[in-house]
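One structure below.
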Amino acid sequence: MSFDTNMRFKFSILAIVLQIILIILFGIFVRYKTEDHSSSHNVTQSDDTFIDLYPFFQDVHVMIFVGFGFLMTFLKRYGFSSVGINLLIAAFGLQWGTLMQGLWHLHDGKIEIDIKSMINADFSTATVLISFGAVLGKTSPLQMLIMAVLEIFIFACNEHLVGFLGATDIGASMTIHTFGAYFGLAASAVLYRPGLKKGHDNEGSVYHSDLFAMIGTLFLWMFWPSFNSAIANHGAEQEMAIINTYFSLAACVLTAYAFSSLVEHKGKFDMVHIQNATLAGGVAVGTCADMNIGPFGAMIIGLIAGIISTLGFKFLMPIVASKLRIQDTCGVHNLHGLPGILGGIAAVVATALGAKPGFTPLLQGAALAATFGISVVGGVITGFILKIPFWGQPPDQSCYDDTVYWEVPLEEEEHDNQYQGEHGKIKMEA
Amino acid sequence: MSFDTNMRFKFSILAIVLQIILIILFGIFVRYKTEDHSSSHNVTQSDDTFIDLYPFFQDVHVMIFVGFGFLMTFLKRYGFSSVGINLLIAAFGLQWGTLMQGLWHLHDGKIEIDIKSMINADFSTATVLISFGAVLGKTSPLQMLIMAVLEIFIFACNEHLVGFLGATDIGASMTIHTFGAYFGLAASAVLYRPGLKKGHDNEGSVYHSDLFAMIGTLFLWMFWPSFNSAIANHGAEQEMAIINTYFSLAACVLTAYAFSSLVEHKGKFDMVHIQNATLAGGVAVGTCADMNIGPFGAMIIGLIAGIISTLGFKFLMPIVASKLRIQDTCGVHNLHGLPGILGGIAAVVATALGAKPGFTPLLQGAALAATFGISVVGGVITGFILKIPFWGQPPDQSCYDDTVYWEVPLEEEEHDNQYQGEHGKIKMEA
Amino acid sequence: MSFDTNMRFKFSILAIVLQIILIILFGIFVRYKTEDHSSSHNVTQSDDTFIDLYPFFQDVHVMIFVGFGFLMTFLKRYGFSSVGINLLIAAFGLQWGTLMQGLWHLHDGKIEIDIKSMINADFSTATVLISFGAVLGKTSPLQMLIMAVLEIFIFACNEHLVGFLGATDIGASMTIHTFGAYFGLAASAVLYRPGLKKGHDNEGSVYHSDLFAMIGTLFLWMFWPSFNSAIANHGAEQEMAIINTYFSLAACVLTAYAFSSLVEHKGKFDMVHIQNATLAGGVAVGTCADMNIGPFGAMIIGLIAGIISTLGFKFLMPIVASKLRIQDTCGVHNLHGLPGILGGIAAVVATALGAKPGFTPLLQGAALAATFGISVVGGVITGFILKIPFWGQPPDQSCYDDTVYWEVPLEEEEHDNQYQGEHGKIKMEA
């Protein structure tokens, strides 16, 4: 094996160094938003906002850690990495994101932590987790940490640019979904592996891995109204964001099932579509979520998103793999890329129709284009940095296989073969 | 095979047509409750209600999609359908339920969406999901969509009747649990399959499918206080609904375990009882939940519910199957039917004791009887409609088997047999 | 077999008798906090507290039932017991804890139930669930009920003592984590089984059981900020508790991964560390959570906790097993014991630095020492009571095996052997 996947010192040292740098930067720059006011009692508004939004934060938190983590456990032998590296990236990313986003909004030279900054920190990790889906199974944990460092920095800049342009993107169809998808796809293109062109034995699911993935799907689906409304203005706008997302997702489920049955052998449903395309309505309604588009408007967006996403999985994904040479493990193009662009376009239309006063189609379109361009360029650069062999990426034959980076327990039926090296996992006695 | 289970066009067209009809009806009839008031600032009460009840809504949402969905994954080869068709029915049902319930409460000819209408829409889907449990494994997705159309219409009428009678049913022991159970049992009776009289190879669980089902059980169990209190009056009544449900469920767990051990071989626990009978306390305390019955009163209801439900599974279910010819896959009679009736009766007693001023035992009893009667008649009619062979129901030998309606991945040990048709699931390259 | 593990009457009778005693005591002593005020409208503060804290309660509830329950499902053949006995203990414990804690805070001779008493009742069960982890697989459900009776009584006394001493412990690093861990370890020492010295075939995990355990890990991890802040003072202190826990846990993940890779074969991650040590930051920041330690202070605590916990699993656990003869199935010493003590010490340092006015290092240290001593003595006494053979503990060869206390379904590949006694689980027909 010419690849050195032993991360013993490389990974440990990088992780510890990053964490110590974070602590130092937090010590210098970060403080509680509440602390200056803790002795006065005229801050009830601030207090109530914190406790009112805390359930929204926790819903988003569940989406990030359980939703994204379990959605990717569909692979038969890559569940530890999916849910485990997801946790690693997100735990690092929320600290790094706090700094990268906070630097654009300093108060007396300090970053102030409140519930909205925590929600935004979680959001910033979502971009990396989406990109992770594009390169899943083909990268090392070390590479993913480095991707998180780079991507969250670029994400925070792009997000600031979108706001600077005067565009709105409350549910982040553009700044998170479009950005995360095309960043990941661009990186995956650079990291293209010809040896996986014919597929890989471990690239499919087994029965129970598909059920684990449904845990991820459902928590994403249920809590998406919180994702799209968490940082909306209190009152009517936040309520519309909840209602629109609720109905968009419901409509999307019907078309995802309908088109899955339509395009599959003998009218059967395909779990890949159900796990993913049912969520496209949440992505696509994101930018418009807090606009006065009417529940039926949200449902139309969801209906289209379910169709586009399912057809993307069925027909576009093989072409992207063969012609564009982009191996998109989780199909993030179909769940986040296309529906994200749909969301951006929907907002162009909605602002043209006056659904949110103060925003213009032109600037919405500019924000979408800028996001697309920056994500692709950022992803390409990141891809080349990740290509350096030092980061311990797996050889082709070990892709989609937890045993490269994890101690994996012997299955009962495997006691006689060599699936794992030398020992079982629990050793109580010397 | 004389059954045609290929749903390619039938299902797709029905699902798309239903979704388009829903969008048209929403366009005509549905608006945000908030939108008329969005520019004024004297609607703080309304705003706070929305955000205060949003966590209750999300808890109910989790019960509907994860709770019901995973509870039914106990079958060894029917997990995709359990969690997948649950999602399909609920996503359709919440849109349809919004209309069916809203039509009874029009404002200027419009249905207004707020947090309570969203909670109620989720509630309306629960009836179909309960009925789904009775026919699980023996119906096609197409049949389930049709059942959802019919059942939610009848449910909304019955719910309105119960309110019209002047009865109270805050946690819906009657209108959801009793209704859903007997509707489903009546339909199952009409759809009786003599060929399954001796059981079916796929009708049991395997070790991990029982653990997946416990995910459903626990999320139902934990969030049941939200279910029973979500639409209660703010303040003491809502708080009592939470407290009563909390203690009823706790007491129910003890008796479910005690009686499971008592009736089983060598004093062992049976997972069927633990997955289901531990929840009966939530069902049974529903109607009384917001009444001043005292925590100990709630515990007595839970104690009885746990006993009735466990004994129902052990002794009544085989009789219902053999004598009444009702094949109740999930035992909804024991989890929703009997405890639902217990809940209705408990409210008769509680109102007689004055636990909720303004409500009378007589009208509570009338509401229970009406609900029972309407659900049985509705279920029988629905059963006959579902019996038309056009809907693609599975032949006896393919019951409880995901492969009829789903692309199912090959297990590693199955590579050499024909469990699945022609290919694995992921195909990246042409 | 000289052990009688048939619990048919022993367990059933004890469970029913305990439940009836609880109902009687609740009838005499327990009332709603709301009920006296239900007709007046000047109790809005109380009402708002209830509904404001309800999401915190539900998060804690999920941690207790899903978090602890699934965390222990890592064992290959002990998932039913892990999640099932967890439910049993917690459902009993929350009722018993309501009484044991309430007796220290009577109002007119009554225990009043409100949202904080419910949160505290859930907390009191956590101690038993932690201790359960130390004896997991080696005890009967009957023994666990008895442990719950004894431990919650002693816990409530110790908790009262800590408050009486004038110490603070908002996130319960001492009163729950340290207490639960050393209580369980002391009991496990008394129950030492020399026959398990060489390990046991069932003592490891399989691939999917490790994924089930990650469900537990993640829900604990995500909702830990709610655990540490649920009963904090409204406003700045509660907000700091959330923020500190959020960042402590994030930092802890990085060091848990780094040290897992550092100490394991070829730099691989070990699921035992990831499932457990990533949570140590939540334990260790508990006592200090509502103090003004700064986000970077919280991160330092998390960083140290992740290191200590991982090293504890790798190097200390085998020594504890061989030298101290304490068989700690889940490694609660490394997740709750050491990080709990770290949390107690951190609060000594933080109060010395003035992070929470009104509290002194001396009394914090006294509280930690008292908690440690009381838990060890309580655990030893409980261990001797549990050692009485009457309680139906399993013989060594049946440890870590669900089939002793559960009806376990036949696996498909097991149809021909005798894994289960006489029948499959579902019998619809006589």
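We call the chains A, B and C, going by the order they appear; numbering starts again at 1 in every chain.
The criterion applied here is as follows: a residue touches a chain if its C-beta (ideal position, glycine included) is under 8 Å from a C-beta of that chain, and two chains touch if they have at least 3 such contacts.
Fair warning: this is a prediction, and the values are worked out from it, not measured in the lab.
Between the two copies, subunit B and subunit C, the C-alpha superposition involves a rotation of 120 degrees in steps of 5. Counting the residue numbers used at the interface between subunit A and subunit C, under half appear in both copies, so the two copies meet with largely different residues. Rounded to a whole number, the gap between the C-alpha centres of subunit A and subunit C is 32 angstrom.
Taken residue by residue, subunit B touches two or more other chains at 55, 208, 215, whereas all remaining positions touch fewer. Taken in their complex, subunit C has these residues touching subunit B: 5-13, 15-16, 18-20, 22-24, 26-27, 30-32, 34-35, 37-38, 43, 47, 50-51, 54-55, 58, 61-62, 65-66, 69-70, 73, 77, 79-80, 83-84, 87-88, 91-92, 94-95, 113-115, 118, 141, 208, 212, 215, 404-412, 421-422, 424-430. Against subunit A, the residues of subunit C that register as touching in their complex are 52, 55-56, 59, 76, 196-199, 203-208, 210-211, 214-215, 218-219, 221-223, 226, 234-240, 242-243, 246-247, 249-251, 253-255, 257-259, 261-262, 264-272, 274, 278, 292, 294-296, 299-300, 303, 317-318, 321-322, 327, 413.
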